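The structures come next, written out as structure tokens.
Shared chain: subunit A. Partners: subunit B in the first complex, subunit C in the second.
Our next item is the complex of A and B:
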């Protein structure tokens, strides 16, 4: 018996390991390509270099005009001085090398999180380092979207199971009826929620993450954070819950008509075991996929969401960086974003591989 | 009474609701089964055989309509038990099922060994280790290699899955096993292997079977009794030897005539026409439209006549 248990474990381990390694390579390649494309786009395919060259030339010529010590030089000598200065400044910025060479270097720096200095933005503490700006903005985003994602996932599955148990009942009909409400994005609901609960009723804050004098003890701090999170959470919930629950309840219904569920009933298993092992387990891979897509959707919507709710996270910083055309910040944030997405997907893939034994059978040559 | 029947069904009714009206899938079915015997329920597709199995095991679909009658199992009327009581004391404890398509009857994400062990673990409150030991024995008994215990259903061939389903049905040693076309999708060798396992199990452990099939030839190996089902009703019951020697009901006669035989020149015959719709069956004898020996009285509901320990639902024997 012991060796069977051992071989079970080792076969699962081998299968998951092979699968995970493959996914890891794929995901890293995706991140590399994504970051490289961002660098190309943020630099307008190298055209930003031309703009910068122009700016340097203008600066230097102006400096030359204003520099009294240069007045005595002949115009040729002055031209020479200007050109030397330009070459020096371009060399400082690395503009003397071709764009593609520098793009690859940018990418290497970006991937190793050597993110450099912002051109215009600063962190709240006054640092110009892109890394500091991002580290300051990342936690609020993670708190908001992490909590809303996980919370919604658990609640949605729980409701969906309940609905599938009472198929055709009042709540089931209500959720099916409300499913189209989830086609509007979270920020759309956000605007109305702010209007009602902050502007009209005045019981919840308009936005932000903290009360103005930041509370000094952690109880008040947490309470203030929770109070500020209510509206964003409700907005995300409204934009997700009905459609997702409807989806998953339908999955559960389809899967609970499978022959093996009938069989489990005939075997006289308790209904909680049937629900867990025969309805939830086989559907979980599908649900995990759907959850992954939802999370990506949340990540994509966070720029507008954070702007609407004045949430001091990555999304709002991203928006500001785009307005300032601060290339290092844009690239830095994209890299962090890409990494976060890749990590999310990786974790979900890992869970998927453990849950579904059919994953990657093809690679094992029929497993005979 | 010394020879109390293992299973006695009387007036079992199971209808399904549809938009066109109730489907009378099982319509006033009665028969009895003594311990250590195998009854074969014969009939063509769509005559309600599988529904009968479901009705006995109380596996009711969502669109269940009328569901009534009496089912005595080892002397208790299991129809009067509550759902929870039925689950605890009947399902897989006293009777189990080998499903028609074992392909889909196994959970794709759970190892087959565990699935076979499950009923034993729940009904006999056994530890996992003890249950797995038993599963190993069962696998050996039905001819599945022991290392298949840790495989997933998709790693098994059709024949192996059917054997696993059989092992699953026998693991709690119930007194009655319902076999719903257990061999219909398998090759002849696997078929006869499984039939041998069933025969051995019956001889050694005294298990009774209800074998549901349309395959007259294979069923004759195992059958002690025969019940012929037509359009939701049982039209003939009787001892297998007597039945195969001389079927009584015109439908049974034609059914037997359709079976190819060795060592005779008799060409297999066929039954013309279609079975009636179960939504609005004819008011009289349901076989009348296809019957070669029908006469005026056949438009009236036929009685169950008893002849030499056999019952037959036909006016010819009145």
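Our next item is the complex of A and C:
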């Protein structure tokens, strides 16, 4: 008996290992292709190269005009100097190599998280390393949108459970009625809030993360941070809470109508137990997926929010990178996003398998 | 069908949203018929020649309805306007005197920003000569200035140094329009009149004038920093937003559905390929890619529309649709179709996909505002279409020119209200349709 159990376990282990390897390879291939496509688009078929060449030419000619030691040279000699400088700079940026060669090298570096140097952007501390720029901009985004994402998620589910308990009640009807309000994005609510609370009433700041002289003690620092966070938080809340709560509520309603829930009710189990064991438990995989995807989707949606609220985070940095044609920064951020997405999906597969006994890891292979 | 409409009547939100949508469609039709596409582009690009009659950043006229303190409304009067008279007295030697009398009513509590007279004249050698007088409601005749005319000439009262010195007031308009009996500067209300006597010294020489007053209000929508009338953008923004939202929603929803059906029907490598492409597409960040396309490639709204559709076809919806199709595929009626040798394409297009339409239509309607907002979002980041007037571009202009700091709320609120109407109308309709088409939830 023990032997059979053991062999079964070992074969399960083997199948799981094969499955995991397959998924990993698939995920990695997905990330590679995704990143490569981003590099292609970020270069627009050599268009960005032309822009960069133009910028270099302008920079160098300007430097030549200002360089006093070049005044004595003849115009031909000066042209020669300018051309040499241009070639040198282009080599520095790798513009002398054909695009495909660069793209492949670029991708290799990106995938190994060797993100390289930004072409025009710098971090506030003055570093040109893409890694420093991203690391510097990450905390503001995490503080604001991490907190709002987490809080909203918990609150939404909590409200939704309450609503599904009192189906058809006043609050339920209110949320159903307000659900269409969530089709407007957060920045849209943002401009209204700025208009009302910053421009008309003047009680909250227009944007930014800190008061102009940065407070030196941590109490004032935190208070200033919180004051600047109110409007973006409210905007995000307004744009999400109604629709998400409505969706969760509908979702819970479907599950609370299953036969086994009726059965539990008939048994006279307390409603808390029914909620936890009979409604939440089978919906947990969906809840977790949605939570993970919310977290990843954060920085995409907040490009505009951060621009509108002047919040010094990743989203605004990304937009600045696009405006500066700073391909390394664009690719760096995309790579990190792609990795996060892939890793999350991978972890999700596991959580699914653990939480949902119906998912049979081994037999299904790569197909969901 | 009758049943369907009967059902509709039970949902007041459907009626409300249908009213809003017909309003939007009405505005679109009005915009397209009164201002042709090319004309809209020309107006929106237009500079001083088109919009000289408007002041900069003037609030809309209806502000006066809500305020006791009536602000001056801008206007322009030509000789063709009723009330404006032109008398020509010709002498025998060919010289003539043309007297323009331009009366206007001034019933406002604030002073105008500027009063201008645009002269246009024709002559060969001898310049015509003009003499300008303002007659106030209390009968004072104030001689403003006289000068020789060139072909096109603008006389701006506020920039007339002679007048400034003579009135001993830097603010010429305030000095001219104030009530002399009252200590604090208050405008004298009543009918004013500008009388221009123009003298021509040649037989074929002509003179024409236009009186333009810049108040602090203009038009029913107000103006922006380039004197452009915002009504052009509000009107034309409607068909653009509707077209963008509708095309994007239709393009993505139906293509996605067909692709999912093909994958579910054929299975095998085709299905695998579709699955993998979807996964890759999910890794690609949508909005950041759109930003790149907008910045590097083209900001044209039609390019952005194409990119939006392409990037959304292989979205998460493929997975959900496919799962449903896999179930439908096993239904007996599909089996029957297979038995009588229906072609694959026929089965996919005629038997499989129609089953999904009831769930897709509410989704499609709800998606429309999402796409309208994508266009607006890009415009707010400064990546709006360079030629066409859109709501998002107006919001962006307002933000860039610091409208909220200056208290120019109308500038942001007007396009925002249009966006709200659009999003609410379609979202409400979509949600209600979902409850009508998929009544499973109603019984709970």
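Everything below uses one rule, namely that the second predicted complex is superposed on the first by the 255 of 368 C-alpha atoms of A that agree within 3 Å, B and C clash if a C-alpha of one lies under 4 Å from a C-alpha of the other, contacts with A are read in each partner's own complex, and residues count from 1 in each chain.
Quick note on the criterion: a contact is a pair of C-beta atoms (placed from the backbone, for glycine too) under 8 Å apart; a residue touches a chain by one contact, two chains touch by 3 or more.
What you see is a predicted model, and the numbers here were worked out from it, not measured in a lab.
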Considering only the touch criterion stated at the top, classify A:199 as touching first (subunit B), second (subunit C), both, or neither. second
Touching partner for A:304 - first (subunit B), second (subunit C), both, neither: second
If you stack the two complexes on chain A, which partner ends up touching A:260: first (subunit B), second (subunit C), both, or neither? first
Comparison of subunit B and subunit C by subunit A residues contacted: C
In the superposed arrangement, which partner chain does A:270 touch: subunit B (first), subunit C (second), both, or neither? first
Touching partner for A:219 - first (subunit B), second (subunit C), both, neither: neither
Residue overlap on subunit A between the subunit B interface and the subunit C interface 167
Applying the document's contact rule, which stretches of subunit B touch subunit A when the two form their complex? 57, 59, 62, 87-88, 90-93, 96-97, 99, 101, 104-111, 118-119, 122-123, 129, 132-133, 147, 149-150, 152, 154-155, 168
Using the touch definition from the top, list the residues of subunit A that touch subunit B in their complex. 1, 4, 7-8, 11, 167, 258-260, 262-270, 273, 277-278, 281-282, 355-358, 361, 367
Okay, in this complex, where on subunit A does subunit C touch? 26, 29-31, 33-34, 37-38, 41-42, 44, 47-48, 167, 176-177, 179-181, 183-185, 187-188, 191-192, 194-195, 198-200, 206, 250, 253-254, 257, 300-301, 303-304, 307-308, 318-319, 322-323, 325, 330, 333-334, 337-338, 341-342, 368
Residue numbers of subunit C touching subunit A in their complex, please. 13, 276, 279-280, 282-289, 291-293, 295-297, 319, 366, 369-370, 373, 376-377, 380-381, 395, 399, 404-405, 407, 409, 412-413, 416, 419-420, 423-424, 426-428, 430-431, 441, 444
